[in-house]
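Inspection log for the structure reproduced underneath, given as structure tokens.
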């Protein structure tokens, strides 16, 4: 497959090589078709694109800056540029996707957004977009996550969203996804399922990547202005489901930049997963020898997901992107180091990407003098309580 | 005889079909439940292979799945127990794509066949994803049943009716498995539509919670699948004998149901000849 | 005094009419002179201005958007525009000021920033700017505030700042100010006192207003593009010490816009204060009949301050700006209402401005069809825990 | 006699000046403390009017102020008690600008004078803010003393020395009131510089914590103000009699101090005649 065909329209089957597809009950198939058609229509409509761009600009704070991390760069002997999704409204890149999907849901005449959430970031973003457009929002969240992320639950409540505790399975994100799907089956006429990452049945992985593409496209232009070579040597992003990475990579897949996705050691579907089907799509999935899906474990709640977007599986297989893992320990150290050298509190999720860059620069795996563009997917205020001991 | 031939034969004998469900490995000696079902008059038994993330199942079957997995249930283990079981009606598997594709659809189907199962149903493999698996099932002489939903378009219903094997699984509602829910005109219409499209048995599933409801739904099709109502009882401690009695009560309701005024019998399609060449007994054990 | 002279350079005495000045111990006078001289020099230096602008743009996320609050506007029958300081790095307008002062401190060769903080917002901003420039930061914070704002304390620690508990007096913000001043006296050679609002001895009230002027100047241009009349009928901001209001007003003082500062009922120095001297400047101060300074009380920690910037006292006396108060109750309702109509969680501080606009629009005090530009000084994530019951 | 005249007279008599401090209203009967100071050999007494936000005070005087305010101390109340007090040395007030400007500097000074005080010192009114108050004090015949700091430039020192009345309060360190701290060459220099600029008494304050330190500092100027060391004891429960004994011990140390080698006595300036016309007894009570 030519480079150019990578990260383009996966067609009506929603396949990225062996991955993707639409593994959902028959009851949901018409809804998936309808959403695909609506998205194709909207995406080709300059009016919709304008409204989306305006909302992202005037409301969500785009474009986000590309910040040179000067002091950390000096320490590492590289040039590190940070794409600042932490400055986007609600504090992460999640808003790019939900604004897009909420506008689509409105266009489709839906009155309610359904969403799953783990740490609560996507839930907050969904509640936000729903409030902005006057839609209702119902957010499914594992009971254990509700306990761990009380503040985000409260944020959603203040925003007027209903948060439904999920008490099945491991009572975390993957069960919230199941429950959201189940609820969607039962309310597909008036509800729109606002998926939080490049996962789920076609057209979601593609559509979410397209809504997140703005990260990569902005960064590409900003790198052009900032770097003598115009293009960085490395483009790095963390990978939970993989939406910030997909949106970032989409801006650079046609360049010479090396693409690196960084997962949590305890949630490394791209590295330790096997091909499987979960939540409506075929991809790499963490599972035991019998095919039961394993719970992911990471200090970053947003990376506690046992799957990975199907397009990432495809990028990995073809070698266009590589995927690495870092440990919780490295992540906390990276977070604190960035805070102290640049005054930026990155989310634990984003700190995975950073931890990899630090390690790679310090071991020489990323050569001295290299230029690195890193997507800082969100802010770390939500994570402060989780950092028990300062390294 | 294939699953489909078996069910058609029974149906054509004037019988409303009854297919009870059990989650494989839900308790030690769970195959006794299968036997009790058969003794109580089941026409086939659906055996669930528990999956950690059963997207289309409501709380009861989720709980049953969790309990079976926690108890060590695996595909291989369940198949081994089924292979040792000798019952007079066909058994078929219900599970999710991730278990089916662990190695490959072909490997999964071969294993089912080796253990004597006659078919399978995979709720998260709709028409668009079912191609490879359908070939593999056919190659092993297994019937891969497809699901039809109230939301399916006429064109899709036609395709489902045409590509489903064994029977067509018509879901009574937009929702997950689970008890409760009334009959809506849409359900009657779905049954009628499907029966107009195929001579294969059409079974209703989802919310077949008691004998009366079973009888009512059977009025719109060829029979019913009963799952959550049984699994609820099993989870609550009911043993095989009492479960069998409950299935028998449904059997009786189906056998003696009043002619349903809403149900105008449709002309039977001629049996389609397209798979006759595949018929033949499956090896056991 | 002509309109034009308002909000200009207060000269070497730092007087705004009867207010302002430099009421500090002799030990601090040389430092004040030195800072004034350094600021005058820097402010006239295009190199400094460039560096400040670049840092605010590339690092802190400026310009912040001006968001039309469409659904709330419709409900209120007015046109409400929100200046989104909540999207600035660290989550409030405080960053504008600390980046300016930190660059100045660096220019002056200081190695350490001192700051007082109440809710922790200015402390976090100071810790941030210090990290960015490789300076040390020591933040004084009342013991009671430390208990109430544990998360911000933790943020400062992660950013590498030292947080010094203040155990004197009411153990809140005003005591933290005293303690910061005391510490400054003792370390004036190597430390720079980074004041958090338009308060303190000359040149602080003026300098902080100048660093915050960017809010008003951006908003002025944005209003010009957004509003048919070019200028809004009302410009509204909350007032603690008064820095976001001063920065906002500075952009509109020369226009026809009516300027409104909104204080907490329990911390309303402009409304219930008497002339007095506190923390180095003369202004309106909440005090008892004997001249003892009263503790302010507000649900918004950032407005729990018994003084008000001297320039505000002057604007009030001359009638160029008016000052109003709102109750805690109105504020919480305003916060929730904005969250549910626009998907924006405003800080409790900023929600004061909003509560006034809502009341004024609903009572007709602000006429239907009016245009209102409101500075949303910060984000409300920090306040979620304080909202006990949803109205 | 003004405060300044009184102090100059004593200094010129060869005495090292000792000015102990007490926070007004710190305890019931606190004026006994003033009396005890005077009996122990104080040359003047500094009375603090407690303020809620004493920017230049360390923990001890803060605590003393808080206690006095909590006990109901007010400017009017303290003045009333002072008016009833008859002691042989001048008293002067120490407080912050906010209390001074409650009504106006003039009103404040008039009240002080009416209660028999001879001067005042306002740590947060430096040269640039002191103009109006200086006029008001002069009009009431009160001496407004100014502070000089180690950080003051030569030009500022000259202006402070020129505009201060009563004495010049030289702070020994860059910091707040409080005990502890050694003598630095800078302190010696500050004393020398001030004494080179004015014939007014120069008193050291801040950190005069014990007799030895008092004697040492007095070697660089005309005397000392002792505050925190006394207030610490008072807060810890020490009574007027023992406080008096402590002041007496400082008195003895000042009276018998060894000639300080580092201290080269400077030529005394001629007394400046500029305020002689204002001299005269102040009314009492």
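Here are a few things to note about the model shown:
Think of it as A, B, C and D in the order they're written, each chain with its own count starting at 1.
Definition applied: a contact is a pair of C-beta atoms (placed from the backbone, for glycine too) under 8 Å apart; a residue touches a chain by one contact, two chains touch by 3 or more.
These numbers were taken from a predicted model, which means no experiment stands behind them.
Distance from chain C peaks, on a Cα-centroid basis, for B. Separating the CA-averaged centres of chain B and chain C is a span of 68 Å.
Centroids of chain B and chain D (each the mean of its C-alpha atoms) stand 99 Å apart. Chain A and chain B, compared by their mean Cα positions, are separated by 38 Å. Under the contact definition stated at the top, not a single residue of chain B touches 2 or more other chains. Interchain contacts link the chains end to end along an open line, per the touch definition above. By the definition of touch given earlier, these chain pairs are in contact: A-B, A-C, C-D.
Those residues of chain A that touch chain C in the shared complex are 57-59, 61, 64-68, 71, 84, 87-89, 91, 127-132, 134, 151, 154-155, 157-160, 335-336, 339-345, 380-381, 384-385, 387, 390.
Residue ranges of chain D in contact with chain C, taken from their complex: 51-59, 62-63, 66, 69, 74-76, 96-99, 101-102, 123-129, 146-153, 156, 160, 171, 173-176. Within the complex, the chain C residues that touch chain D are 13, 21-31, 168-169, 174-175, 177-178, 181-182, 185-189, 275-280, 282, 285, 287, 290-293.
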